[in-house]
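Below are the structure tokens for one structure; questions will follow.
By letter and in written order, the chains are A, B, C and D; residue numbering begins at 1 in each of them.
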Amino acid sequence: MSTTATLPGGPGRQSGQDILNLVLTVGLLPVLMAIVIIGTSLMSPYFLGWMNVVNILRMASFLAIIACGQAMVIIAGGFDLSVGAVVALASVVTAKAMAAAASAIGGPDILAIVIGIAAGLGSGLAVGLFNGLCVARLKVSGFVVTLGTMSATAGIGLLLTNGIPVYGMPKGFVQAIGRSQILGFPLAIYIALAVVLAMAFVQRRTLFGRYVYAIGGNQEAAVVSGVSIRRHLVGTYVLSGGLAATVGILLTALVGSGQASLGGDAMMLQSIAAAVIGGVSLRGGIGRVEVVAVAALFLTILGNALNLLHIDSRLQPIFLGLIMVLAVALDEFSRRRMSRV
Amino acid sequence: AAEDSASWWPFPVYDASSGTPTEAEYTPLEKADKAYNICVLFPHMKDSFWVAVAYGIVTQAKAENVNMNLYEAGGYENLPKQISQFDDCMASGADAIVVGAISGAGLTQKFAEAAEKKIPVVGVTNPLPKDALPAANYVDFVAMGGVTAKGLLSAIGDEEANVVTFPGPAGSGWAEDFNKGFKDTVEGHDNVKILDEKFGDSGVAVQLKLIQDALQTYPEMNVIWGTAPTAEAAIGAVQLAGRPDIKIISSYENQAMLDALNGGQILAFATQYPVAEGAMAIDQAVRLIEGKDVMKLAQPKADVIDETTAKDLNMDLVLAPADWNPEYSVKAK
Amino acid sequence: MEPAATSTTPRNETAEPLLVLSGVTKRFPGVLALDDVDLDVKAGELHVLFGENGAGKSTLINVISGTFPPTSGSFRFGGEEMAELTPHKARAIGISPVFQEFSLVPSLTVEENLFLGRERSAAGILDAGGMRRRARELIAELGFDLDPKARVDKLDRAHQQMAEIAKALLGKVRLLILDEPTASLTERETGRLFELIARLKSQGVGIIYVSHRMREIRALADRVTVLRDGRHIKTLDAATVTDSELVELMTGRKIDVLFPAITHRPGEVAIAVEKLATADGQVADVDFFARAGEITGVAGLVGCGKSELVRAIYGIEPIASGSVTLRGETVTALDPRSSLRRGVAYFPANRGVEGLALSRPIRENVSMAALDLGRYQRRGIIRRTAERSLIGPIMETLKLRPPNIERAVGNLSGGNRQKVMLGRAMARDLDIFLFDEPSVGIDVGAKVEVYEFIKRLVEAGAAVVVVSSELPEVLALSNRLYVMHHGRIAALLEGEAMTEQNVLSSFFEEEAREKAA
Amino acid sequence: MSDADLAAPAKPAAIDARGSRILQGTGWARQLALPIALVLLLAGFGLADDRVLTTYNLLNIAQQTSYLALFAMAQMVVILTRGFDLSLGPTVSMVSVAAALAMAGIGGADANGIVAVLAAIAAGFALAAACGLFNGVVVSILGVSPLVATLGSMNIAIGVATTISDGRPVQGVPAAFADLFYRGSILGLPIAIVIAILVGGVLAFVLSRTVFGRSLYIIGTNPQAAAVAGIPVKRLLVYAYVLCSALAALGALMMTARTGSGEPNLGGTLSLQSIAAAVVGGTSLAGGRGGVGSAALGALFITILSNGMNLTRIDGYVQMIVLGAIVILGVVLDRLRLDGR
């Protein structure tokens, strides 16, 4: 076997190797997903209905966007527990800023919308920046820092609204961002696709992506190789904050009001779950965003299928938990078998 | 805002102290004898419903000139935190404790301790086990669920109604009670069919997902009954799905429900007059401290509000004024 | 990179050596790793740093390559004062270190590692094709058997070492620093490396070279600086100094012979392996045996599967087929725990990864493999006094320095880490010992101690297997020597037949046979 | 050897050095950092409100701390092995409900005291052991990352708790049970404090003085080395998760006695809280570092903070922000102190 590694190899072998590599990186997830899809569609006629497919994709989009940011942070060896809270904060800030701008300026909606979105994104980026600076400058573990900011961010979101939904955003915002469709698909799906593609590109083809892998893989080695650690660490948290804020804005547009209850712990845990199920190593240095996106889709489909199959809502978590563990266990098993060969 | 409770009284309630509710009117004391310390515990302050209760509490505390401190536990999943807050209240020397219980059963030990320490405790808004406390006021949630069902029945007449219920978080107690009340009341009406019950956390995002899935699972669904966030999420989901025919009913009230009702986006919502509940709780606490006569269990008359009844509603008792910011403590003058 | 190199050309380069250190001191918490060291390296010179484990060689190198600043003192490079040097800046001006603890990211490929920190990019976007071409070029130029697309964590230590060397030679190099580069290379790669070094020297590159192998020092050095306890002892001209002088300067004592004379008294067959194949295919169809009272050596090129063989015997490499018989008893289901119970010990080549719990104290690391014995515990409760009084003397006999068994292993130098591993063998009664590269990265003094240790084991009647890439070592120690090639036994050499010549030729015969097949 | 483990050759020297420094002479600085912060915190609150430092309130703090400390200790056991247990909270809920159901099943409030208590203990610990076994087996034998494994069991436990309780509190806990686990006192100390101290003492002994404890530290520091040294890594990992769940179950029984009913939501946010307490106290998520002291201190820190803020009447949302900020500040100070030497 070791000789094959030394030879450049003909094109045939190359592609065989590539397929193996693909299976190794993507794992069994798509297979499992196919099983769930086929199984559910046999049992529920509505599962593959157009609307349901759109719904699944939309929900998966939100999760995928957040999980991409989360994945980058984890690959760099960190953890971002604050994403759920950032979703809420961005929602509230967007709605407040937009409503304020709309009533202050009066003029065209577009201006208010832009101001609102900028404010929302800004709040997410700011939280990310704070996380990043604490982790990189003060060398505190990402887990604890983001645990702190999670609490503080949620507190700020609630303080701003007292938990009361924020209304008064221009109708155009809800129509254009939340409910508009292109070729039958909602905007969120396109944004998610763009994010995943962009991040995949960043991971493979840019300095930033390369350094994130390096820092997570072996920080000491990255240091002695002259990689500036701080800048890139901060970058991952800012990215994660920004992407979480994006989801906050999209959700705000979808529900039509700014809500401090959007996001939350569930979103945070799900984004980590999607990243890990998508093959991101919690020890850093390993993982691909496109697989993470597939994992996000998988989790969403699973939840949808359980609903469509009329499973009692109290029993649903049991199924969800078992299938999640099963998926990763099978994946792990197959990976081990493969690398044996 | 006019922070004056004078116009609220007398407030019509059922007096259920003896077990069977009888019609009664509630009128609070003018003023407390002394500036007592009253500790208030809330499950959370994350929606306008609890802000409304807080509004009632703050207003009445000012009216009766007592000190008040309010603590919120951050959500229904934080029972241990509420228990700790209860301990902290006792430790901080409260003369009485008003509690919106996360779980009535879960606080029974604390109630017993407070009784031993002779600290009166008043239950507000959330239901409690029978006779757990010397005084309380809350609606019968089963009855309130029933009220919404009656609202639905009268709105649809003989039309077919295929309902999916979204009662709220499993394990909360109140969600189960609302649901039971609704189900019991529609039972026997052949034109109303309950297709499914979808429990889930009462946040807009979670509810939205549940609704979207239900829209797929049950194309025949034409009534969505659930919590206020359910209704809020449903408005958008129904529009997206192109199903303006679907009727939406909320089992309780908040600012969004009121706006939606005015905008014609929902059929109706129920109210239990949370502002009045908060105010009564403070008064009950003061009466207990002073050893005065107290209504052991006051039940506001839950009403279902639809377009026609909305006009006659005393909004002051349903929601806090829009520009009111929650105050977590009141200092007696 | 290029402009930086040219712009630093000073007027007085001919007068001043390439690198000048004056009074460099480095203090770690509790350790004075470098104490007022002066040193200079000329362009085109190979300057050997020589010293015991923990003498401060790696620390010195880290200071020069900008990993951390010295506590006090200063140094000049190319006539310029180096203040606030960062690793990035160091590489940019031509200081290229090959670290002892590799600077490789395990989850990246060889090629990605080569360019780490110096990627070719435009506007933040990588020029993947260009880098790949350059990587292939470089590896071909160096003659290393290395796949640029292989992930580093899938490589063994030898190939990682190659990657680390290639990484250092990627850019423009003016000062090459090699910290024990041959520690896990075999003869062939070592040869390549030496050719390369000669070429670089002729191009005027200054080289700092750290090694514990006298042979290399002899072959390469222009000057030798001896460090002891962080202090500069003496700088000598390599041409005029003798080995024993160097060793004496380094250790402060006299060492006459490196390899002890070991009395081999072959006894019963302790390990017998038949038709063994590992699940990963690294070992196939191997017949092998080792007797008590003698040393059985295993030699072979990098990647030949010699490590896997002993790892399979110990039970950490899954076996696909074949049998392992220990003292006449055929064992199924091998695992480390039962191997230890049967008296088998294994000393991994990579002590950091497989051997030691670095942040735990020495005491715990030594007793780690013996905690199931009644000596150390009673009903699961550790007898701490007994543990201390057992481990203390063990580490004393092994001359642990500093002799404090409560220190974390992570603080120890390479040689002392190996002593901790050896201590494990003495913490319980064992009689079959499997050593994988027993002297990797340890100084001459420590080597002698390890060999003495092995000698004591064998003379007490134990069966010892030594797997090593250092031919002189296996040749000198073994009684019988297996030569492995591509997972198979290529030859078994005994007695007079055990010569370097024979080992090398058996590689080539095997190679030819494979070609023919 | 599992392939996942290959990803970490020689870990950064800086980290090794840091770890070692802690074991050397400067250990006391770290040990004392948090206690000093605690005393200052308490003194600060004491100045702000004179009820903070009354015996009554100090006992109150001690009692509240006992519960969180138990959970933090449980969590710490698995964090030592580089894992964590997200299912801890739901396990608490599940045990609470199961114990209450068991007691209700044999007569409820009127049941024979001893029989009821035994039934509750049996039911609670059996379920917890099952959950711990599940976690342990999935993590160690199937090789699934602790995060996914316990996220899975978290969902399962939530499902079980709400299903068997029908989503409602389970009433009918006999007085004997409440007396044993809540009301009783020994030498004037409430029973909860006594239990926490006893368990802490025993656990401290187990971790520092037994082969099992020693092995946990080694596994957490270097699992590969542990395996090579013949430590039965997989078996001990299973034990660690079972121990974690068992400690959680004990805490759950105590909390059930305190609430007087089985609560399907009892453990809601305990998973994250217990991790936070352990980590703030100085347990390292990288494994191999921490102990009973760190868990207890972390729990005390968080409890004092929220008690102090309650007694000094800090608003709810502001409390969240302060809590977040202080958690970060705590670890930052800790970090700076270490760097300063």
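We adopt the following convention: a residue touches a chain if its C-beta (ideal position, glycine included) is under 8 Å from a C-beta of that chain, and two chains touch if they have at least 3 such contacts.
Remember, it's a predicted structure, so these values are computed and weren't measured experimentally.
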| item | value |
| --- | --- |
| Between A-B and C-D, the pair joined by more C-beta contacts | C-D |
| For chain B paired with chain C, centre-to-centre distance based on mean C-alpha positions, whole Å | 72 |
| For chain C paired with chain D, centre-to-centre distance based on mean C-alpha positions, whole Å | 43 |
| Chain B-chain D separation of Cα centroids, rounded to whole Å | 34 |
| Multi-partner residues of chain A (at least 2 other chains) | 158, 217-218, 220, 281, 285-286, 314 |
| Chain D, residues touching no fewer than two other chains | 7-9, 11, 13, 162, 167, 269, 316-317, 320 |
| Chain B: positions in contact with at least two other chains | 45, 170, 199 |
| In contact (per the touch rule at the top): chain pairs | A-B, A-C, A-D, B-D, C-D |
| Contacting residues of chain A [partner chain B, same complex] | 44, 46-47, 49, 51-52, 55, 59, 158, 162-165, 167, 174, 178-179, 251, 254-257, 259-264, 266-267, 303-304, 307-308, 310, 313-314 |
| Touching residues (chain side chain A, partner chain C) in the complex | 1-3, 5-6, 204-208, 210, 213-214, 216-218, 220-228, 281, 285-286, 340 |
| For the chain B and chain A complex, residues of the former touching the latter | 44-48, 50-51, 170, 196-201, 203-206, 208-210, 212-217, 219, 229, 232-233, 235-236, 239-241, 254-256, 259, 325-326 |
| Footprint of chain A on chain C - complex, ascending | 65, 67, 86-92, 97, 99, 101-108, 112, 116-119, 121, 124-126, 128, 145-147, 150, 167, 279-282, 303, 318, 486 |
| Complex interface listing, chain C residues touching chain D | 28-30, 101-102, 106-107, 153-154, 160, 314, 316-317, 335-337, 339-340, 346, 348, 350, 352-361, 364, 368-369, 371-372, 376-377, 380-382, 384, 406-408, 410-411, 424 |
